[in-house]
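Below you'll find the structures, each written out as structure tokens.
Two complexes come next, and they have one chain in common, chain A, joined by chain B in the first and chain C in the second.
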Partner chain A sequence: MIEAKNVNFYYGNFHALKNISMQMEANTVTAFIGPSGCGKSTFLRILNRMNDLIDDTHLAGECLIDGQNIYDKSVQVDELRKKVGMVFQKPNPFPKSIFENVAYGLRVNSMGDKSFIAGRVEESLRGAALWEEVKDKLKKSAFELSGGQQQRLCIARALAISPSILLMDEPASALDPISTSKIEELMYALKQKYTIVIVTHNMQQAARVSDKTGFFMLGELVEYCDTKKMFLNPDKAQTQNYITGKFG
Partner chain B sequence: MKHTERELQSLKEEVSQMWKLVLSQLEKAKQSYFSGDIELAREIASREKRVDAFELKIDSDCENYIALFSPVAVDLRLVLSLMKISSTLERIGDFSEGIARHVIEEDCNRMPPQMLEDLQLDRMFDMLTGMLSDSFVALESENTKLAGRILAKDKEIDAMYCNSIALIDRFLSENPSFIHCGLKTLLLIRKLERIGDHCGNIVEEIVFYVDAKVLKHGAKQNKE
Partner chain C sequence: MRRLKRIAERMVEGLLTLSGGVTSLAILLIIIFLFKEGLGLFNSPNVEKGYSLCVNSSNEIVRLNPLQIKNIFDYEVSNWQEVGGADEEIMPFRFDEIFSQYSDEELGEDYALLPQRLSEVIAKHPNIIAFLPQKYTPKDEASVKVLPTKNISFADFFGGKEWLPTATPSPLYGLLPLLLGTLWVSIFAILIALPLGLGVAIYLSELATEHAGKFLKPAIELLAGIPSVVYGFFGLVVLVPLVQRSLNLPVGETAFTGSLILAIMALPTIITVAEDAMRNTPRAMREASLALGATHWQTIYKVVVPYASSGISAAVVLGVGRAIGETMAVLMVTGNAAAMPRSLFESVRTIPATIAAELGEAPAGGAHYQSLFLLGCILFVITMMVSISAEVISKRQYSKGV
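What follows is the complex of A and B.
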């Protein structure tokens, strides 16, 4: 379970997240929606401490995973990121072969021997709906893949180390409808084992794949509830206006 | 099968379950009417709550399905028609219960057997259960070949209803002591006629769902 308690986040003086408190249950898919710049990616990055890498930022409040504050001094960030995998908004393959991109996490964490790694790479690529397209060119550079293929490669890379939480920032924004549907089915299947948090601008996608949806605006969590409720009868007028496209 | 397809499938399955329940309500209504079995009639009346519960559940599941999955084309037509079919089934359930109440009240002497025969009540009941089960098959098999035949039966039932008004009118003018019973029988036949209309509506919904698809794919079955 993931729990945020009064999380406030600042880029310098800019107050990017305001008093966010929410819980995400294990084995569910949670979707974040909201206008561009409202803080969705920022909040997602808080969950695996990716914002630590950005200078002049400040976090107040607590963020707990399975009861432990991940910002506690005793927490090893590498271990945390093994548990909390992430797929970024922009595909960011490493300058390595397709195979090595997926195997990377396994190698740096010395997880398994050669044949284990090969099996895991195939499994992850299949999971990300990419295997058929790349199985004959695993040694080629990841940069030779199209944007949508690179995005799926990054998903495979995240899956390879079997995290228990998977954060996905717009994982399907560069994908065609067929790959999108494959990724959505993947999320649906993965929630048996993983807890998934996804940011998406595609409202239908949030509705299709998620159990709960959070609507962010200007750094605030305006509404957070069951996806069914969000899309049938949200409590807040702001939410309704946003999801029906009546803003402005 | 994708999870979105499974959702739609289970919606359809729910409507099928409701359909079977309503069909059995109607069959039992016939049985209790002809046998005067009050116990059976009570059972029908109490099972009516289950029909209502089905309608509420299907309504809310359809709403959720539309809200979450934004169906288009054939999927949209299916959800819309399932919603209407379920509320129509609920109406048929109501009328079946109405027939059962008629049996439970038992406050009128039975019409003479010859009169019941002339009114062809038996046949009307059978035509209705036939329409309801044929339309069920039409949806299950997504085949509207039977649609014309089902709708023709509805016309026939309308004609039988008109005819029964004349028959009862004549009978009552000759046997005024039967007036209460005659009116109640007419009300009962009116219920049967309404059930026929509702079966017709269901068929129209199935045609809406299935045939638009047929048109889209080259209008193979259109000649029917």
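What follows is the complex of A and C.
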């Protein structure tokens, strides 16, 4: 379970997130929607402390995962990130072979021997619906894949270390409809084991895959409720307008 | 208006093409000039120009190589047997000795009788070997045999273990001591500078606080701008005595001292180029690694360094290039003994130092002069090989994506 309590986030003086409080239950899919620049990625990156890398940023409030404040001094960031996997907005495979890309997380965390790694790589590639396309060229550079294949490789890479939470920042923005539906099916299957948070600009996608949806605007969480309610009968007029495309 | 713009664009284009062409042509001409002058060495006789070597006609010897000639006149070889002749003591004879044996009258007006007198001397001593100007060489074939001169061969140059370009009668142009001197000094310089430079580059790009970086970077760039003669001076005054005292050596001017000073000089280049390469590793790569639970350090050596590998090999090439070509500082601290180096802690001489030290005293167009150009060619070939291999390495790494 993920819980944010009065989270405020600043890039320098810029107040990017304002007083965000929300809870995400285990084994659910939560979607974040909202206009560009409203802070969806920023909030997602708070959940695996990716924003720590950016200089001159500042966080106030609490962020708990399974009851543990992840910004507590005692938390080991690399252990946290092992548990909270992330797929980025732009595909970012390593300049390594396809196999090594997926094996990377296993190797740096010294998880398992050679045969275990080989098995897990195949499993993860199957999980990301990429296995059939790459099984004969695992030794080839990941850069030889198409953009959509690269994104699925990045998903496989995140799956390989079996995180319990998976953060996905517009994972389907570079994909064709077929790959997109594969990813959506995948999310449905993954829900059994993982807690998933996904950012998307595609309303249909949010409606299809998520259990709950949060609508962000200008750094604020305007509305957060069950997806069905959000799309059928939102409380706020702003939400209604955004979803129906009246502004954005 | 439109047309004017198009004409101007054409002109700029032409100008750029022209300057590119001129530059390429200039480079080509320089290389051709270098090799033409250098290869001229192999058309020079192996005995000093204008002189010949004569022996008594009873001597069975038919030819001598430059090293043998040098050893004979240095009294290091004293028996004909050692150079393939009879078991007799060699009697080296230099041209000026004739003036102590005969008076001016006996040599005749304008030394007209000199060849005859020389012929007498040679006839009198069956074991003599005489080094004479061709002008006065006796034509008397009954008693005097002129040894044929050969051109300096590839083997003399590339296999020669002695560099004595001013030795008479037979100068020696052996590349090996200089080549080895260069390689020793450069290789050890790189062995010192590379780990240190990469370490500092990693520190600067990954670990240093903004504050430390702000101070260190300009300081390092400043180091790159110091002229090499200043480094040489520093080396001479500080490093040479330091090396001598701390290692308890007879002299401080050693290959090791040269390597040290070169390492110091190559460091700023290696650091700046490698740091830039690592800093250019996209943030997305680092984030991808960290998001998979890799530690900062794992991210550095598994992602940042491999990603920057082509930039890092560029740093290595620039460093090696600087080390191999560096002249002044090395000239000042290595002692410049043109002997085969046997240990790091002996005096050596490098190719660039040799060129710098000797070009002034080598008469233009002579064999010595040509040999220095040939050294330049060798240097050129070495640096070219270094950059080609770096290119190959970084290309292969990139295309393999490993």
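In this text, the second predicted complex is superposed on the first by the 247 of 248 C-alpha atoms of A that agree within 3 Å, B and C clash if a C-alpha of one lies under 4 Å from a C-alpha of the other, contacts with A are read in each partner's own complex, and residues count from 1 in each chain.
The rule is short, and it goes like this: contacts are C-beta pairs under 8 Å (C-beta built on N, C-alpha and C of every residue); 3 or more make two chains touch, one makes a residue touch a chain.
Worth saying up front: this structure is predicted, and the values here are computed from it rather than measured.
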### Query
Should A:N92 be classified as contacting the first partner (chain B), the second (chain C), both, or neither?
second
### Query
Which holds for A:S41: it touches chain B only (first), chain C only (second), both, or neither?
neither
### Task
Report for A:I161: first if it touches chain B alone, second if chain C alone, otherwise both or neither.
second
### Task
Based on the superposed arrangement, let me know which partner A:T227 touches: chain B (first), chain C (second), both, or neither?
first
#### Entry: Partner chain in contact with A:R208 - chain B first, chain C second, else both or neither
first
### Task
Applying the touch criterion given at the start, work out whether A:T239 contacts chain B, chain C, both or neither, answering first, second, both or neither.
neither
### Query
Touching A:A142, do we find chain B (first), chain C (second), both, or neither?
second
### Task
Report, in rising order, the residues of chain A that make contact with chain B in one complex and with chain C in the other.
none
### Message
Could you list, by residue number, the parts of chain B that touch chain A in their complex?
### Response
2-4, 63-64, 67-70
### Message
Applying the document's contact rule, which stretches of chain A touch chain C when the two form their complex?
### Response
48, 50, 53, 55, 78-79, 81-82, 85-86, 88, 90, 92-97, 100, 104-105, 108-109, 140-144, 154, 157-158, 161
## Note on the structure
Given the complex, residues on chain C that touch chain A span 210, 282-295, 298, 302-303, 306-307, 398-402
### Query
Any idea which chain A residues touch chain B in the complex?
181, 185, 188, 204, 207-208, 227-228, 231-232
